[in-house]
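Several structures are given next for inspection.
Shared chain: chain A. Partners: chain B in the first complex, chain C in the second.
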Partner chain A sequence: MRAKKIIEYMRQELGPDVLVVSAPRDRRVFINIRAEALRKAVEALKRKYPALRFMTISTVDCGLHFEFLHHFHVDGVVITLRSVKPKEENLLESIADIVPAANFIEREIAELFGIKVMNHPKMRSLILTEDWAEDKRPLRKPLRGILPPQARRVAESLISMGCVAPISRFIERRREAAGLPKTPPFAFTDEENMKELHGIIKEVSLSEKVGFDWEKKRLRYR
Partner chain B sequence: MKNLKMQKVLIYDPDKCTGCRYCEIACAYYHFKTFNFERAHLHVIFDEEKRAFEAIYCHHCDEPICAAACPSDAISKDEETGWVRINPSVCIGCKTCIVVCPLSAPWFNETFHVSMKCDFCNGEPQCARFCPPQAIRVVTREEALKFSEKRYLEAST
Partner chain C sequence: MVKYALFLGCLIPMRMPSVEIASRRVFERIGLESVDLKGYTCCPEPVFSRLIDETGQLVISARNLALAEELGLDIMTLCNGCYETLLETNETLKNKSDEMLRVNRILENYGKKYRGLIKVKHAIEVLYEDIGIEKIRECVTKPLKIRVAMHYGCHLYRDLSGDIMRKPRMMKEITSLTGVEIADYGLERLCCGYPSMQVDEEFSLTHRLLPKIKRMVEAGAEAVVLTCPACTIQFETGQVLLRKRGIQYEIPCINIMELLALSFGFSSRDIHLDLHRGPILRLIKKVEGD
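Showing the complex of A and B:
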């Protein structure tokens, strides 16, 4: 019951910033929020429940993005605010001025993952030495998606051009010698077909899964 | 548990405590047959700044937050006695209970790869039984609340 009340309150306060809510057990709530609304969510919780107890922040390096899980204890219920940030941004908004207990864990995150924590009241090293190499963070993984190296080019061309296998120079020359155009007429040379294909790709979120950048028309990692 | 006020819990009186750590030895011996302080379910610590003892032990909360957070539902509050216990065959050793508990009362047993905590020694806590100055006692929840209220009022004035 209390879990439901909290969910309702958060929906009312944050509105569209709440993405997904799940309550797998009686006194356990997971709230997926937009990363920009993190501070707003914590402030709203603090306003309604002054006895809010901050537990910890878990950070998961998922390859293409960081997942931040802020755990709170409210009224006998464990609330987890889950927010996702792309790895290129490399930023986490500090909540240490709202809940001071978050100070140390944010310093730890900044140190072990090499994430910049914005507006932290007192940022200095916690575990590692002051002169620790910036590019050698113990828990940070390289920017890499789920695709193995041999599948990356195929996926890239499938999403951007609509064909599975790029044609090699050798075959292009052979086609020219035979008096044919360089590339065979693809089924997706038509713009309308291409639009439909991109629509399908976005719908099944293939581009998100493999980490495709729509602006640069290439994978975020190579 | 139906009558929460009558639940038997432990209380700790720092004024009486001498810091002998008999409670820890009794606990470790009862559960693991060793005299290892690190294998006790409760700990007595000494605060250098305040020059005072403090014990860290499970309070068997009315609404255990460890049970709410446990991902495998290994922790449950006994309906009859009110004891909060971990089922070691269900525990997956994720240490969530240790992080969420305000006192970090559960501890991680690396031999068995499970979390462990005070199980109230089946009704007869050995720490209370062996405490020479009776700083740790078994009382009902009602008395314990009165005692801690008095203690905190004294501390705040």
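Showing the complex of A and C:
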């Protein structure tokens, strides 16, 4: 019952910024939120529950993104705010001004993952030596998705063109010389067909799973 | 007239158009009408796409099937990989109504729907079952006097009947109509190594491709007859990579459609056979003389 009330309140306060909620037990609540709404969510909790106790922040390097789990405790219920940020952004908004106890764990995250914690009141070394190399953070993995190197070009080509073997000028010329159209009647020869294919790919989250950047038309990792 | 929607796939039209050219010449000669599938996409390729996202693979594949269904035609593939992907999608959707619903829920957002009304066939099956051996035999005007080894390709063994040799037998019989002598070398069923090439080049070349080529050459084969474009790439580029390891083999590859076209009297120039990356000139000389 308590969990349900917390969820209802957070939905009301955050609206569409709440993405998914679950309460596997009455005293456990998971709320997935948009990363941009993190501070708003913490402020809302603090406002409603003055006895809110900050527990910790868990950070998970998922290869292509960081998952941040902000854990709180209120009135016997553990609440976890889950937010996700692309690794390229490399940012976490500090909540230390709202809940001062977050100060140390945010410094730890900054150090061990090399994540920039924005607006932290006093960012300085906590565990590692001051001269620790920026590019050798102990808990940080390389930017990497689920595809092995050999599959990356195939996936890029499949997603961007709907075809795994892009055609060369030479082949185009030879096709024409043989009386064939320059390219076969592939979807990429028609804008509407490509819109359809890209719509399907986005809808089934294929591009998201493999980490495809639609603007650059390539994978976010090589 | 026998009529099919032609699914060209990616590799054949983009990397080895001589196979497409030869196929079109052969279809015309034997009276098989092939209708191009406008707006088609990759089948999608059967190795990675299924592992990444099964729903995505099913929907993209079903979209291709829906294009053929809109034309009211069964689909015919030239490529073994496309054959397997489309055949398996078709069977999944026909037999699992929940999958069909799930896939159509997505396709319907784009004005498409697949009802499961069409069949998927490999060109080998179409030639054998719809056109018939006699008709093909009639079209052979220039029997080819060469000794060849067959490489059927793993996906050709996939068969709904459970008889995995059904299509390889058809392929062998059609090949023998061209006048060639077929050299049995005992490793026909061994994979060429194309899929393992993506993971372990050494294994792929020395434990898959090399034993096959060795046995083919020992059996006196002057060329390899294939139907799968991926296997063709493996044989052609694999021999180049083996040379870098000090292993010298120069056995040309020819697609069964190209072989048929030559035996139907088309010249190697007509079908642009020089587009092959392998030592095809030696084979052309042998077939056509200097």
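The criterion applied here is as follows: the second predicted complex is superposed on the first by the 200 of 222 C-alpha atoms of A that agree within 3 Å, B and C clash if a C-alpha of one lies under 4 Å from a C-alpha of the other, contacts with A are read in each partner's own complex, and residues count from 1 in each chain.
The criterion applied here is as follows: a residue touches a chain if its C-beta (ideal position, glycine included) is under 8 Å from a C-beta of that chain, and two chains touch if they have at least 3 such contacts.
Since the model is a prediction, treat every value here as computed from it, not as a measurement.
Contacts of A:175 after superposition: chain C is touched, whereas chain B is not reached.
Of the two partner chains placed by superposition, only chain B is touched by A:28; chain C is not.
Contact with chain C, but none with chain B, is seen for A:154 once the two complexes are overlaid on the shared chain. Of the two partner chains placed by superposition, only chain B is touched by A:56; chain C is not. By the touch criterion defined above, A:205 lies against chain C but remains apart from chain B after alignment on the C-alpha atoms of chain A.
Using the contact criterion defined above for the overlaid structures, shared-chain residue A:71 touches chain B, although it does not reach chain C. Partner contacting the larger number of chain A residues, of chain B and chain C: C. On the side of chain A, the complex with chain C involves touching residues 146-148, 150-151, 154-155, 158, 162-168, 171, 174-175, 177-178, 180, 183-187, 190, 192-193, 196-197, 199-201, 203-206, 209-210.
Residue ranges of chain B in contact with chain A, taken from their complex: 63, 65, 67-69, 73, 99-100, 102. By the touch criterion stated above, chain C contacts chain A in their complex at residues 8, 10-11, 13-15, 17, 20-21, 24, 36-42, 44-45, 48-49, 52-53, 55-56, 59-60, 63, 106-107, 109-110, 112, 198-199, 271-272, 275. The residues of chain A lying in touch with chain B in their complex are 25-28, 53, 55-56, 71, 73, 76-78.
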